[in-house]
Every structure is written in structure tokens, then in C-alpha cells.
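As C-alpha cells, here come the structures.
Each of the next two complexes has subunit A plus one more chain, namely subunit B in the first and subunit C in the second.
Then we have the complex of A and B:
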């Protein structure tokens, strides 16, 4: 035993630490201590992940149990490490946020802080297991575990949140069934194939062996395409890819504040991780579609899995963004944008060139930073005012300036404007689309960005700008325990925008782990033929522009005088504090006048059709066994089955 | 090619560029404001303002005794609005000062030019006047309208020249003469560009989101003194940036300052002469118009890019 412990490598210690975190979160009954302890444990995990990243290479765990004769294994390469880093980082900041005053009030409300803490830790642990899985069976098992953990964390909020969580569970379950079907299919066929190919039968489900099976043509191309489709749907559900996105926004938005920040930052990206594994580790050979032409015998070049996925990605960018624009609850608005941003990641990755894939993968990190910042800022507003309703807020910038700043930096990142990090990853995706001459995809991606700008301005305007409501006169900024993670995230958004080379080096490790090309980059950005990007210079120019503008504004002309908002122009009327002098409802009335007829709720209807069909099937089946002589019927079925 | 350009720039050059460009752009921009006002006046059979009127306007606005601020974000918004354009014009290649431009590129520039809109929106937002907020809702809607054809044009030009580097785009046009200018090679893109330019500048007939004629019911409602002055300066920068960008994309840039400025003034005059003939568009009609014609022409234009 001691020998075993002595031999623990870094992945073993990471998983062990993570398990210990779960155990302590569950066992520690003294809740005001557990917040701090668990935060420290996440910090320790982050240190281990950091050490692994700087060491580089592949780490395999000693944990190799056998199941049904298959060997399960855990192995962390550059790709898994990149996602693990983001997972642990988000968990650390979310826990830091709730360790202090936020958690105290949560406990005072009679809710179980311990449950929240331990479910979050459980999520992190199961996600780490998933990210380190090296074969289809361990992938499936940890996928299920992670899904259940996410469900429990969502369901914790109760009420509508529980309903949304159940909605998620139905989707997740259907997805998992598809994945399981493929795993079972491969497993049953593979055993016989293993002898032919001289592969160790127990390790036949490892990604590399499965890829080998595919390349050797054990499965025909149509079979492989079917498998690929089923897996993409199964994992795409988690990612919120159209048309399987309906569950996501309510489920994340209604989760408990910091948990929502964690889930919104990284949880659905596990779907992207699994898709990357499937696309590039297992089915790498058919993704670019060259085989399709030869096997079907007719010209299929224009519809490859690549173009199809790219179009799904663009649809995932556009539709949820414009749904987000119509939301009247800050959390729902952000959660809908979370779905849309996932589209950029997939779009970049399926471009499969050095710029696009770097952009897609970099966007995972960038998105996690600003989404967590935004969710935490909104949670802070809810903490002080009790609402995230965009029609019941306004003018909070004078009361909560630092939360405003976090939200501002976050929305600039989300909208993808320089100098924040969101711009860099989107720039890479745009450049890749440009290089490959994909005009319509490019325009689609930009439409998403423009829609995002409109939507996030509404968010910040309705919450923080405009006139302050009378009932919010006494509101104060949140405490430092909550501000610290928000400010750390803001700094990250800005710094990784100025120096994208830092996250790009993690991205490069991830890309090379799945065999995708890696762009040449430096601290400030990317060097590429046909136009480079150097964020250090761009930011310098931008801040110097602000500097010159500030010189003009502050040093030329008279000194400005602060006035009370009640002194505003109101067409000759007097304004009183009880007047609501704020424009928030139906903010883009003009635009909606034009595009409202385009919102057709197609996906809700589609979902309802599927539900109705399922209900009908279930009903007719239940008629079958509810009949008076159902026992005879059952006997016949059993006999038939046995026969 | 790229790496060669990168090594040539020195720190002193950067500093000169960062400080000199705003001054040049400011002066040129003021003359452009005058030029546009003159054209507008002549179309309407008026004489128009005297030579130094734009400068008087700036001096008057900045010299006001009462400067009403609605808070820090109000101030920062004005700074962002001006600063965004100052940054954008620094990243535009002009004769003798190409140093920084190679680091930016056309996509970066497109996004930098959205920062002033965001700045203005934030500043107006803090003024806590619903009239202002409605104006911003219109302004952002207009941005959604004109930026879609604009990115189609950007795509077309970058695809044609196989680079996003503006210096490279201009060099390619200058080396092969007029026949290789964007306006000759891709006339449809150049046409869509002119329309987009007009929307981007918020000039007639698309000026409803700025509402310069009914200041009390637009985004400027709470802007007074140097706040309005700052936005006036921003307008000068904006005119310069938009015109020079258009010249760089379609008219081969300028080998000398004279050439560049001559072309820029022609660029701002054309839409101005047409503009006053049209009635004013409501915001949603503006969206419909831009999503139909410039987008269609732009897409056609890209289809012809070989």
C-alpha cells in the first residue's frame, strides 16, 4: 500500500485531491470553515494542474480497473489538461465567491451550504474523470456521472430550477443512450476484430484502438457516419448545439448564483471536449469528407461532415443570440449567450486549420472567464436587490461601481471587442473563415457578434445605467469576499486580451494532443501569412487613443459639475424620485418591429411534436399491457423472445 | 514579407505616430465637416457656414461655463467615443506613417470602430434620460444594419487581396496602377461600401439615430458644453477614419498626402450629394434598406471576386 502511495504521479494526486475535496465538502459540518478549506483544496488542485501543464506531456493514472473484461484507463493529455485547468479555475473562483458573506446569508436562509459545496466539488471531480478518460467505456461512465452531478447541482435551487433540471435530465439521458448504443455497438464488434488486428482485447475500447478499427475498415463508411452522427448528437446535447439547446438556458440561469457561474463557464464545454475527441481522435479520417466521395460513388464534396457542422455551429451562434436579446432576466440573457458562444468554439475547431482551431479552443478559456465574471456580477446584483429582472433595476452604477466594472469588462469580452480576450479568439475564427473563403459562415459569425453587442448593452443599461429606483437608494457594493473573484476574473479577461500568448500556449498543447495544426504565436498574438494580430500593439494604440481623448476631455474647457438625475430634461415636466424615468422594456422596439415575425418558436414546437409522439407511443404500448389478458400476452412475448 | 515590416518600426516612430495622427485627423476632419456642410447648403441653395465655423463650434462648446456631468461613466463614455476613433485612425496606413498599421489589419479595425458606439452608448446611458436611451437603442440598431454589409465588403476586399493587412492591400493597388484599384476590380463592393459609409457616418438620410435636428429627443439630450464638444470632435475623427479607410480599400490609398486627401474629400462628397435628395428613414426602415440593397450588392460583389 505504501509503495502504491509512493508512486502516485501527478494525475493520481490530482484525482485524489479532487476526491478528498468532495469528501471534505460532504463531511465537514462546520460550514463556515468548510468554505475556506474547500477553496484552499481547489487552489491546491490548480497548483497541481499548473505543474502538469508546465511539465507538459501525457500523464496516465495508476487507476486501471477492469469492467466486463474491458480495461478502463485515465490519461490526461494537453487537451484534457486545458479543460481541467478551466474547470478547476472556475470552481476555485465560484467557491471563493461563496466562501464569505454570500455563503453566510445562504446558510441564514436555512439552506444547506454543505449540499451546494459538495455538489460543486462532485461536479469538478466527475468532470476531471471525464476529461482524463482514455477509452470509450470510461468516457461513457464518467459522462453519466458528470451528467448526474450537474443535474443535482441544478436541481438544488428547487422550484422552477428543479423543473429546468429535469428538462436537462431528459435531454442528457437521451443523449447518453445514443452514446451508449454506439459504445455497445463498437464493443460487440470489436472483440472479434481485435484478434484480426492483433490488438489487446481488453484495451480495444481505447480511443487509439477504436480509431485503428475505423481506419482498418472494420466498419463501413455509412456505419461510421451513423456512429459519428449518434455521438455528435449525444455530446452536442450537452453543448447546447442546435436543435438540442432548449434545456440549457433555463437550467443554467435558474441554478444557484455561483453554481450557475461555474456551470455557465465550463459545464457545457464538456460536450465540446467530447466532440473534439470524437471528431479528431476517433473519426479523424472521415471528418474532412474525402472518403465520402469514393464510397458513395457520387459527388459529395460540398456536403462534408465539416461543412455540415460549421453550419450547425453558425446556427447555434445566431439563433440563441437573438433569443438572448429578448430576455428580460439578466441570468437568462447570459445563459442564452452561453449557448451562442459555444457555436464560435465549434466553428473554429471544424475549420481544422491552425488559426481556426486555435481560435475555437482559445474561446473556451475566454468564454469561461467572462461568463463567470458576468454571472457573478449578476449574482451580486441579485444579492443586493433581490432581482435580476431587467425591468426592475437601473442606475446601480452609482451604488455598485465595482460590480459595474466587472460587468462592463465582461460584456466587452462577450461581445468580442478589443482589447478584451473574447476579441482574440473571435479574430482567429474570422481569419480562418476568411482564409478558407467561407463568406456566409463569416457573415453569420459577425451577425452573432453584432447581435451580442445589442443584447449586452441592454443588459448593462437596464441594470446599471439610467435612473436609480427609489427602493435601491440604500443599496451598497457587495463585500470584498465576493468582489475578489469578480476582480480576478476581470483582470484575467483584460490580461489574456493583452497577452493572448499565455493561454495560446496551453491551447497549442491541446491542439497538438489531437493532431491539429498549431499556429505560430508570440506573447501578443498570432503570426500568420496574410495579416497578423499583435494585441500588445493594438491595445497600446487603443489606450493611447483613450489617453489623448482624456487629455482633450479633461484638460480642455471648463470643469464639469455633477447634477442630480432629477434635474434632467423632461419636456418641461418636473421629475420626482417616485417617477420612473427609465427606458427598459422592449428596448429594441424598432428592431423588433421588423424582426419579431421571424421569431417562430420553431424549436419549441419541434420539441412539443417529439414529446407528443413519445406520449402517443407510450400510451399505445401501455394499452397493450393494460388489456384484460395481459398475462397471456406477456407469456407469448417471453416465449417469442426465448425462441 | 510581414516579418520584414515588423522590424523596421522604432519606438520614437510609434510615439510620433500616436501623437501626430490625432492632430492631423482632427484638422482634416474639421475641414471635412465644413465641406459636408457646404455641400448640404449648396444642394439646398443656401450659402453655408464660413470657413472657420467648425473650429468656432468646438471652441464654443469647450468654452462653455456650465459643464453638466451625470457621473463618471458619462465622462468615460465621451473619452471612449473619441479614443476609439483616435485608435482606429492610428491603425490606418497613411503616407509616411505605416509603422503601426501593419499590426492591426482590417478585421481589427472593423471591431475598433465599434468601440466609439459602445462608449457613446455607455455615456448616454448614465445620463438617465429615456429619450437618450431610445436614441441609443436606435443607434445600435442602425449599427446592426450597416455593419452587416460592411463586413461583407471587408471580407470581399480581404479575400481579393488575400490579406487582412491594410498596408499590403494598398501596396498591391499602388504597384499595379488604377486598373488594380478596388473600385475598378470590384465595383459592386465599392458601391455597397459607399452606401454603408453613409449609414456609418449617420448622415442624411440615415441621421435619425443621431437626431441632430431634434436634440431633445435623441441620444444627445443630456449632452452640453464639452460633452457635445467631445462628440463633435469625435465626428471629425469619424469622418477622417471612414473616408481614409474607404480610400485605402477601394481607391489605392495615397502615395502622397495630397493624393490621399483629395480622394478622401471626393469620397465624402459623393454620398452627401445624393443624400439630401432622399427623405429621412426610420430606424427599422434603415435596417430593412441596408439588409436588402447593400447586402445584396455586396454578396454579388464577393461572388465576382476572383
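Then we have the complex of A and C:
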């Protein structure tokens, strides 16, 4: 036994630690201790991941079970490590958030803190399995596990959340079926091919062997394109790619506060991870470049899978962002943005040059930091006021200044403005679009950013600015146990905005693991021909502008004076506390008047059509076998099938 | 004969004089007006603002809130109800602030002299820097009025806003006569007078005593952790 322990490498110990975390979260009955212990265990996991990253290279696990004669294996390279780091980090901060006062109130409401914590830990564990999978079968199995774990975590909130989770499950199932179909297709063909090509049959489903099969031309190009499409749909569902995005926002928004933060930060990025694996590990190394560049075999050659994917990404940016703008619940607004931001990541990655792919992958980290910060800040507001309804809040900045700060830093990151980290990744994506002359895509991405800026302003204005409601006079800032993770995240957003070199280093490891070009970077930014980015200078310029204004405001003259929000101008009217002067309902009425015709709920209708069609088929089929003489019918069918 | 304005400030050292002059030079060239369009005179403002007379060439622009505005433009007769709003708006403006009364009605009530519902003389309620008389004055008159205000500001002669603080009791008394003893705005004028160091002989008096009795002060919301 000791010998076995001695042989554990870092990936084994990470997975073991993760499993132990799940076990302790399930077993530990003393709930106020388990919060702290589990947090410490996540910290230990984070340390292991950090060690692995600093060691670099590829780690393979000793865990190699056989299934149906195929060897399953787990192997963590730079790409998986990057995602694992984000997963464990966001789990750590979410657990830290709920370890103290939040968890106590949760238990006092008679809900099971243990269930919440163990499901979160289970999510982390299954996600680690997925991120370390090294062949199609282990990918599929851990994909299923992760989907179920995510479903359970979403369903825990009950009520509407349960309904949203079921909605997710239907989508996830259909996606998994598509993936399974491709895996089965490749598996059956590969066995015969393995003999011809003299590859070890047990390891035939490994990504590298499958890539080899693709390269050898075992499958024709149209076959490969079909596979690619099925896989992209299957994994794109998890990522919320248009038109399969409808499940995501309600599912994340309605899950329990910190769990929502975790899911929103990283869960749907697993879809992106799988898409990267498919695009660049399996299909990436096809003769003469990548399959993405190949035309569809017809003669309008300019439409390649690459342009198609890029346009899907841009659609994923624009539509959900503008849907987010119409939301009146802070969590729904953020969750819709989560879908839109996924578009930037895919857009950057399919550009496939050094800047774009770095931007796309970097955006995963950046998005995780600010999305978690935003969700936690909103959860804090809900904790104190009991609502996230944007029409029933306002003026909270004087009562919850640190939550306001977190939200402010978070939305600047989300909107992609300097000096926060979201700016860096978006800048990289924009640069790559411009470099490749994709002006229309660029305009699309910018329209998305515009929508983001507008809607995050609505978010912060309706919650924190304007006049304080009477019933919120006595609201206090949340406790330090909840503030700490929020402040850590804010610091991260600022720090990685100022020094994007830190996360770019991990991104570079990830990119080289899948064979994408790596941009030249230093601590402060990225070097590129025709204009590089140095965030230290950008931030300095920005802060000196603010600094001059602040100097004048606070020191020169010193004539500023604080006033009550009711001492405000409303066309000369006197304002009273009973009659609030806070414009939140029907926000952006003017803009909405202009763009309202564009909101057509097309995707909801499309979904309803599919559902109705399915119901119709099911109904008519059930008519067949519910008939009095169904046994004769069955006989006929069996005979026909045999024949 | 036209009177020639002569620079009359000779105090202070040369450095502070240069700074003051620079300050006033800049201030006079960037004036935001809040046009409180009370009466018929407002109809003459659109031509003043738009391309024909174009007040922006003087550096004058409309502004939407009193906090950022420099000039309060009262454009006609002021009913008592309106005057309450005008007072609130005036008090909410940040110093230095200037008031222009357009139309004869603001000077002495004009053709509404006999009305029970209008305030007759605007400068009983707030210090007025400039009147532009006429029923109603033409855009040219308004432009020339603006020019003379600009000149006054540049010469440092438009300091009427200080009078409001220094003689607050007088203005408040007139306001109380019209609006009753319960009259108050959320703005703490006495506090501001102390803050700016503009407490004069007429700042306190019997009327401010009444005010302090009835006032329900609006404290700024404290930032609470």
C-alpha cells in the first residue's frame, strides 16, 4: 500500500484529493466544520494544480481501467491544467463564501448544506475527470458524469430551478446522444483500421490515435465534417452556442447563490474545452492544414467551417447580450451575459492565429473571475434584501459599499473596458479579427460589447445607484466571510488586468498543448507586429486621468459637499421619501422603442416547434402500439426488420 | 457718452491676481444656462440657441441640471407656485451662480401687476444679476444681455450670488411672506454660508429663526460598512 502511495504522481493525488473532498463533504455531519474543512481541501487542490502548472509538461494518471476492450486513460496537459485551475479556484472561492454566515443562514432555513456542498464537490471532481480525459470513451463517460452532477446542483434549488434543470437535462441528453453516436461510429470503424495501421487496438480511441485515423483518411472528408458537426452540436449545447442556448440562463440564474457563481464561472466552459479538443486535437492535424479551412466540397469555397463557426460565435455574442439587456432580474441578466461571453472565446479560438486564440482562451479565465465576482455580489444583495429584482432595489451603495465596489470592478471587466482583465482578452480577439480582415465579424463583436456596456450600466444603476428605498434604510454590508472571496476576485480582476502576463503564461501552456501558435508576451501585455499592448501603460494613463480629477475634486478648493439623494433636481419638484425618484422600470425605453421589433423570441418558437413535432410523433406512435391488436403489428414489424 | 469700464482690483500679490484673472477669464467663456421657462418669454430662446443667433459662439450652452449650471434664466412672469420651484432650483445650483431675469414681468410684474397669483419683483426673492426688459425682448437683446453678463463676470463684478448668503434673512423673509412660515427647501443655505465663509450681517435674523424651528433637515446618507 505504501508503495502504491509512493508512486502516486501529481495528477493521481489531485484526483484523490478531489475524491476525498467529495467523501468528506458527504460524510461530515457537523456542518459548520465541514465548510472550513472542505475549503481547506480545495486550497490543497489548488496548491497541487499550482505545482503542476509550475512543473509544466503532461501528467498521466495511473488510473487505467479497461472498458469493452478499450483502455481508458486520464492525462492532464497544459490545456486541461488551465481549465482545472479555474475550476478549482472558483470552487474554492464559492465554498469560502458559503462557509461562514451564508451557510449558517442556509442551514437555519432548514435546507441541507451538506447536499449543496457535496454536490459542488462532486461537480469539481467530475469536471477534473473530464478535463483530464485522454480518449473519446473517458471523455464521454466523464462528460455524462459532469452533466449529471451539474443537473443535481441546479435542481437543488427546487421549484422553478428544478424546472430549468430539467430543461437543461433534456438538452444535455440530446447532446450526449450525438457525441455517443460519433464515439460509437469511430470505435466500430477504428477496430478494423487498427489492424491495417498496426496501432494498439486497446488505445485506439485515444485522441492522438483518432487524429491519426483522421489523417490516414479512414474517413472521407464529408464523413469527417458530419462527425465534426455532430460533436460541435453535442458540446456546443453545454457551452450555450446558438441556437442551443435557451436552457442556460434560467438554469444558472435560478441555482443557489454560490453554486450559481461556480456554474456561471466555469461549468459551461467545459463545452468550450471539449470543442477545443475536437477542433485541434482530433481534427486539427488533417493534411494540408485544418479541417476548419476546407471548403464543404461545393464550389462556393469561401464558406468554410471556420467562417461558419465564427459567425455562430458572433451570433452567440450578439443575441444573448441583447436579451440580457431586457432582463429585470440581476441573476438572469448575468447568466445571459455568460452565454454571450462564450461567443468571444470561440470567436478568438477559431481565428487560430496567435493573438486570437490567446484572447479566446484568456477570456475563459477572465470571464470566470468577473462572473464569479458579479454573481457573489448579487448573492450578497439577495442575502441582505431578499430580492434581485432590478425594479425593487436602488441606492444600496451607501449601505453596501464593498459589494458595490466588487460589482463595479466586475462589470468593467465584463464590459471589456480598461484597466480590467476583460479588456485584454477582448483586445486580443479584436486585433486578430482586424489582422485577418474580418471586418464584419469585428463589427458584430463590437455591437455585442455595446450591448454589454448598456446592460451592465442598467445592472449597477438599478441596484446600487439612485435613491435608497425606505425598507433598505437599515441594510448592512455582508459579513467578512462573504466579502473575502468577493474582494479576492476583485483584486484578481484588477491584477490580471494590470499584469495579463500572469494568466497568459498558463494560456500559452494550454495553446502549445493543442498545437496552436503562441503569441509573444511579457508581464504587462502582448507584443505583436503593428501595435502591441502594454496594460501597465494603459492603466497608468487611465489612472493619471482619474488621478488629476480626484486631486482637483478632493484637494484643490475642497468645496465639495455631500447631499441627500432627495436634494435632487426633478424639474424643480420637491422630492419625498414616499415618492421615489429612481428610474428603473422600463429602462432604456428610447432604445427599446427602436430595437423592439428585433426581439421576436425566434428561438423560443423554434424550440416549441421541435417540442410539438416530437410530441406529435410520440403521440402517433403510441396510437400504434396502444391499439387492441398491437401484438400482430409487432409481429409484422419484427418480420419486416428481420427481412 | 459710453461709460468705460475700468479694472478696479488692485489687491493681492501679482501671482494670485493672475490666477484670479485666469479663473474669471475661463469662467466667463464657459457658461451653462438652466433655462427655467416660466412665461411667454421662453419663446425667444430657441432662436437664441439655434443657428441664427447661436449663443454657443459665446460659450453659452443649455444644461439639464442645476448642479452643473452657472446661469439661471427666468423667462417671464413667475407665479407663486412656480416661484417655489425656482427657489429650490436656485438653491441647488453650485456657486458661483448668476440669475438673469428676462421680460418685464420679472422686473416689476409687468402686465400681471394686479394678479394675485404672481410674484412681482424677482429680486425680492433671489439676487438678480441682470434684467433684460421687454415684452418680450428680442433675441438680439438676449444676446447682448448675455454679452454684458460675460463682461461683468470677466471683470469680477458679478458677485450677486454672495448676497444671497450674506442677506439670507431678507430673502427668506420675503419667501415666507408668500409661502407661509412652514416654507423650507432641502438645501441647507445657512450651512452652505458657513461652509463657504460667507456669513454676513444679514445671514441670521428673525426669519431664519422661524426656519430653524420648522426645518426638517435632510442629512446626507452616511456611507456605512
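In this text, the second predicted complex is superposed on the first by the 611 of 643 C-alpha atoms of A that agree within 3 Å, B and C clash if a C-alpha of one lies under 4 Å from a C-alpha of the other, contacts with A are read in each partner's own complex, and residues count from 1 in each chain.
The rule is simple: a residue touches a chain if its C-beta (ideal position, glycine included) is under 8 Å from a C-beta of that chain, and two chains touch if they have at least 3 such contacts.
What you see is a predicted model; the values in this text were computed from it and never measured.
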Item to complete: Record, for the superposition on subunit A, whether partners subunit B and subunit C clash or fit.
Response: clash
Discussion item. Under the stated touch criterion, which partner chain does A:542 make contact with: subunit B (first), subunit C (second), both, or neither?
Written reply: first
Practice prompt. Classify the contacts of A:476 with the two partner chains as first (subunit B alone), second (subunit C alone), both, or neither.
Written response: second
Discussion item. Looking only at subunit A, is it subunit B or subunit C that touches more of its residues?
Written reply: B
Item to complete: For A:398, select first, second, both or neither according to whether it touches subunit B, subunit C, the two together, or no partner.
Response: both
Item to complete: Kindly classify A:550 by the partners it touches after superposition: subunit B alone (first), subunit C alone (second), both, or neither?
Response: first
Practice prompt. Please work out whether A:572 is in contact with subunit B alone, subunit C alone, both, or neither, and reply first, second, both or neither.
Written response: second
Worksheet item: Who does A:561 touch here: subunit B (first), subunit C (second), both, or neither?
Response: both
Item to complete: Return first, second, both or neither, reflecting whether A:451 touches subunit B, subunit C, both chains, or no partner chain.
Response: first
Item to complete: Please pick the stretch of subunit C from 9-17, 63-71 or 135-143 that overlaps subunit B when the two structures are superposed.
Response: 63-71
Worksheet item: What is the shared patch of subunit A, the residues that subunit B and subunit C both contact?
Response: 395, 397-398, 401, 468, 559, 561-563, 565, 569, 571
Practice prompt. Note which residues of subunit A are touching subunit B in the complex, please.
Written response: 395, 397-398, 401, 404, 408, 412, 415-418, 423, 427, 430-431, 434, 437, 439, 442-443, 446-447, 450-451, 453-454, 457, 460-461, 464-468, 527, 529-534, 537-538, 540-542, 544-550, 552-554, 556-563, 565, 568-571, 581-583, 587-591, 593-594
Fill in: Parts of subunit C lying in touch with subunit A, wherever the complex brings them together
36, 65-67, 82, 84-86, 88-89, 92, 185-187, 192, 195-196, 218-225
Worksheet entry | Contacting residues of subunit A [partner subunit C, same complex] | 395, 397-399, 401-402, 468, 476-477, 559, 561-567, 569, 571-575
Worksheet entry | Interfacial residue positions of subunit B with respect to subunit A in the complex | 2-3, 14, 18-19, 22, 61-73, 75, 78-88, 90-91, 100, 102-108, 111-112, 114-115, 117-118, 121-122, 125-131, 133-134, 136-138, 140-141, 143-144, 147-148, 151-152, 155-156, 158-159, 162-165, 168, 216, 221-222, 225-227, 229-230, 233, 282-284, 287-288, 299, 302
